[in-house]
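Per-chain numbering from 1; labels A, B and C assigned in written order.
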Amino acid sequence: MTDMIEVEGVTKAFGGIVANNDITLAVPEGRITGLIGPNGSGKTTLFNSIVGYHPIDSGSIRFEGAEISDFRVQQIARLGLLRTFQQTRIYSKMNCVKNMLISVPHRHESYATIFKTYPPEVTEKAERLLEFVGLYEKRLLISGDLSFGQQKLLEFAMALMNEPKVLLLDEPTAGINPTLINGLIDRLKRATREFGITLFVIEHNMPVIMGLADNIYCLSNGRVLAHGTPAEIQKDGRVIDAYLGGHHAVDSEESD
Amino acid sequence: MVNNIALLTDVPILNVQLLLDGLLIGAIFALAAYGLALVWGVMNVKNLAQGDLVIMGGYIAWYLSELGVHPILGLPIAIVLMFAFGWVVYFLIIRYVIERDLFTSLLATFGLALVIQQLLNLAFGPEVQITESGFAIRSMFEGMVTMADIKFIALCLAAVLATIIVTFMKYSRMGQAIRATAQDPRAAKVMGIDTGRVYAFTFALNSAICGAAGVLISMIWIIQPFFGMSHSIRSFVIVTAAGLGNLPGVIIAGLGLGVAEQYAGFVLGAELQQFSVVALLVAVLVVRQIVQGRRRQAVQ
Amino acid sequence: MTSKRVQILLHGGVLAAGIIAPLIFPNYTLQIAVLWVMILFAMTWDVMGGQMGYNSLGNIFFFGAGMYTCVIVQIGLYYDVAKYTAASGMITVNFTPEQYFTGLALGMIAAALVCAVLAVILGWIVFGLRGPYFAIGTLGIALAAGELFSAWEYVGGGGGIALPVYPGEPDDRAYFFYLLCFTLAVVTFAVLRRIYASRFGLAINAIRDDEEKAEGMGIHTRRHKTVGWCISAFFLGISGAIFGNMIGFIEPLEVAFPTVTFGIFMVVMALLGGKGTMWGPVIGATLFHAFKEVTWIHLLGWQWVALGAFIIIVVVFFQQGIMGWIQDKRPHWFGIVVDEAGAAREIELEGAPRRTGAAE
């Protein structure tokens, strides 16, 4: 079992605030790795560092063994390392099928292929994936007209269309109706099993991540607080303290 | 061109003339640019009619002086008239542009610029005009440097106006409301600030500032109905170089632009002076991009 | 299938009208030729502005650059350009018909290629600029070019430069240039239609809708932007070459780089018709041109004021344009599926509000 992503000693500060402090973690191939932590613990910052949205201050990020910490977003995406957004991002003026078509992998594109049209197989694949996430009926609707949950599913399908090796999901279940969450979890698992995509998931919903991930990292105040299987994490006193500490006044609705 | 540079080093006193002229006109550029920074920062309107408001102010002073009103007395009249004009324009056009995409304000104010310059052309004709202020022109350094008194007076007036505006923005209720709205319009609204009124006032204030700058420009330089665009470009150069909400930056960039333009006009020849202003705009944009663009950066 | 028949009728009708128009209105041949150039302006602007979401205010730069490239080639092939312009029309140079048409053909090709190369170079500078800065930057480039050519004595400076005289009757000349303009507009339409249907079209739409997402999905955004800009420049360059010859005299600020007139009109025309659509720019340009011609005849002196007011009204109150408006009212005409019943069901099913979680 090799590690797809290796993060080593990554530090990232914004002004005086250290969002990530000497973070070291690994995402093993073909597994689902979870990333949890209270709000403001640096999860999304770490994602942004990995996929190249901002430079890191120190440390190293390797993808399939190769250093990518000074690559830019597009280069990293073309390597097969993709992320979805916490605030869903789709091309809202196109219909779903077009959203899917434009998401094909861009690894082998050149100036010669720029004006080609998509062969029917690609459209078929797009429709198959839309069916996979349960949006086949909606495939000709303008994607901006879909409900928020459906847009999340569409974004997930678009990510699959891109044939990534690793997919970083930022809170896939946030804002989705609880009755649909089980279906989504099932699809995430199938994505790993059937398409061989390694997943790295930020999630606030504890039951979801415990049922989904093979192993979990917990961040707190920009540092890795704990690492282990879901069972180990659930028992870890530091993790519980971090969550309760972070949510003193607020009712911690997301963690129960 | 090389000859002109050689002339500057051989006769250093020429530099004094260029610097003086540049700084004095630059101060007025800075005044108009401050107005642009105001509407841009507060209501996110990129006003391409900025220069045409300037020229319009100039024509008010010129017309009044034809009627026998001295331009220094014409200055407050122009300010009041332009304030009213700005208020009207706000209710006719600008209020529909706020909160629209970035491009709408540029194009709509371009249409406004077209209307203003053509109306001025219809009213006053396409000739180049100067508002005569009747002040002396003195020479210094054995006649090598000439300086009209009106230029110093204009500089003082610009400084006085700038002080008034800054004081107003800092201490008056409306000034505070404007600043609050600039920071967070929604919060300002929740706190009971009538943002519509704030926007109207801001645009009217900008229009008045432009009008004042125009009066000064008509006295120390020339005005013509179609000169508005180059003044708009100047304001954009200054604001882009200085950034929003940076008054010292606006002043420095304004003075710098004034000097740069004088030197460009002298070294490259008068026919390339206009070019140098626009080229400076492109250069400032590119530099800004290089400064901001680190190797890894999210799309803004 | 009926929509296909409508399409064929529409295309055929426009083609037929284009060919017949100068025969019916021989006195207006050049005016109608200008209309085709306007349509081309709006269409090429829409590549960037409508389809890609990059609102350029300086596309007219390529029009002037093409014009000057063409004239330099036309004259330079047979004479010394500097001497020609220094004489400022005092020497009449006679080109044989063969020389004239060779020069024109090579000039048009050169104009297209030079403009495409210029687009690559300028793209390298301006594509880092976003939003209003892109618009202002491109505007600056076009304005600067006009001023620069005004001071460039080699091509006649502000005094301008006269083009070789067409070897033939004035009526033939008008029809010849009419056909060039018409053909160019039709070819441009066909090419754009073709590339909008390709993956290029989808990619630039994706850039328009969400550039950050497009980058995140690995789309070669910069490459697509550059190619789109090149296509605009290519056709604008040829149109400049033709237009210069049609007018017969090039002057930098009014004819070659009319940034604050044609340069802005092309934007307004595309907006009026509906940006981001195939037919919008065509319709918008036609209406705008008609409005302009009518005001020019009936509102002498006030025509520019009327035009400015018209621009403001279009930009402020009617920005979705004619095609956008029809699309709103009759989406199924455009193959857009709106499932209102389904959408309503969904809202009932998923009451979950859209989270506005603060980014960490």
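Criterion: contacts are C-beta pairs under 8 Å (C-beta built on N, C-alpha and C of every residue); 3 or more make two chains touch, one makes a residue touch a chain.
Remember, it's a predicted structure, so these values are computed and weren't measured experimentally.
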With centres defined as the mean of Cα atoms, the chain at greatest distance from subunit A is chain B
Of all chains shown, the one whose Cα mean is least distant from the combined Cα mean is C
Dist(centroid_CA(subunit A), centroid_CA(subunit B)) in Å evaluates to 49
For the pair subunit B and subunit C, the C-alpha centroid-to-centroid distance in angstrom is 32
When centres are defined as mean Cα positions, the distance from subunit A to subunit C in whole Å is 42
Shared-interface residues of subunit B (touching two or more other chains) are 298
Residue numbers in subunit A touching two or more further chains are 73
Going by residue number, subunit C touches two or more other chains at 212, 215
Given the complex, residues on subunit C that touch subunit B span 55, 57, 125, 128-133, 135-137, 140-141, 143-144, 147-148, 150-151, 157-158, 211-212, 215, 260, 264, 267-268, 271, 301-302, 304-305, 307-312, 315-317, 319
The residues of subunit A that touch subunit C in their complex are 19, 39-45, 51, 73-74, 77-78, 82-83, 85-87, 89-95, 98, 101-107, 109, 111, 113-118, 137-138, 140-142, 145-150, 158, 162, 171, 174-177, 179-180
The answer for subunit C against subunit A in the complex is residues 194-195, 197-200, 202-203, 205-206, 208-210, 212-221, 223-224, 227, 336-339, 342-343, 346-347, 349-355, 357-360
Given the complex, residues on subunit B that touch subunit C span 46, 93, 96-97, 100, 102-104, 106-108, 110-115, 118-119, 121-122, 229, 233, 236, 240, 269, 271-272, 274-275, 278-279, 281-282, 285-286, 288-289, 293, 298-300
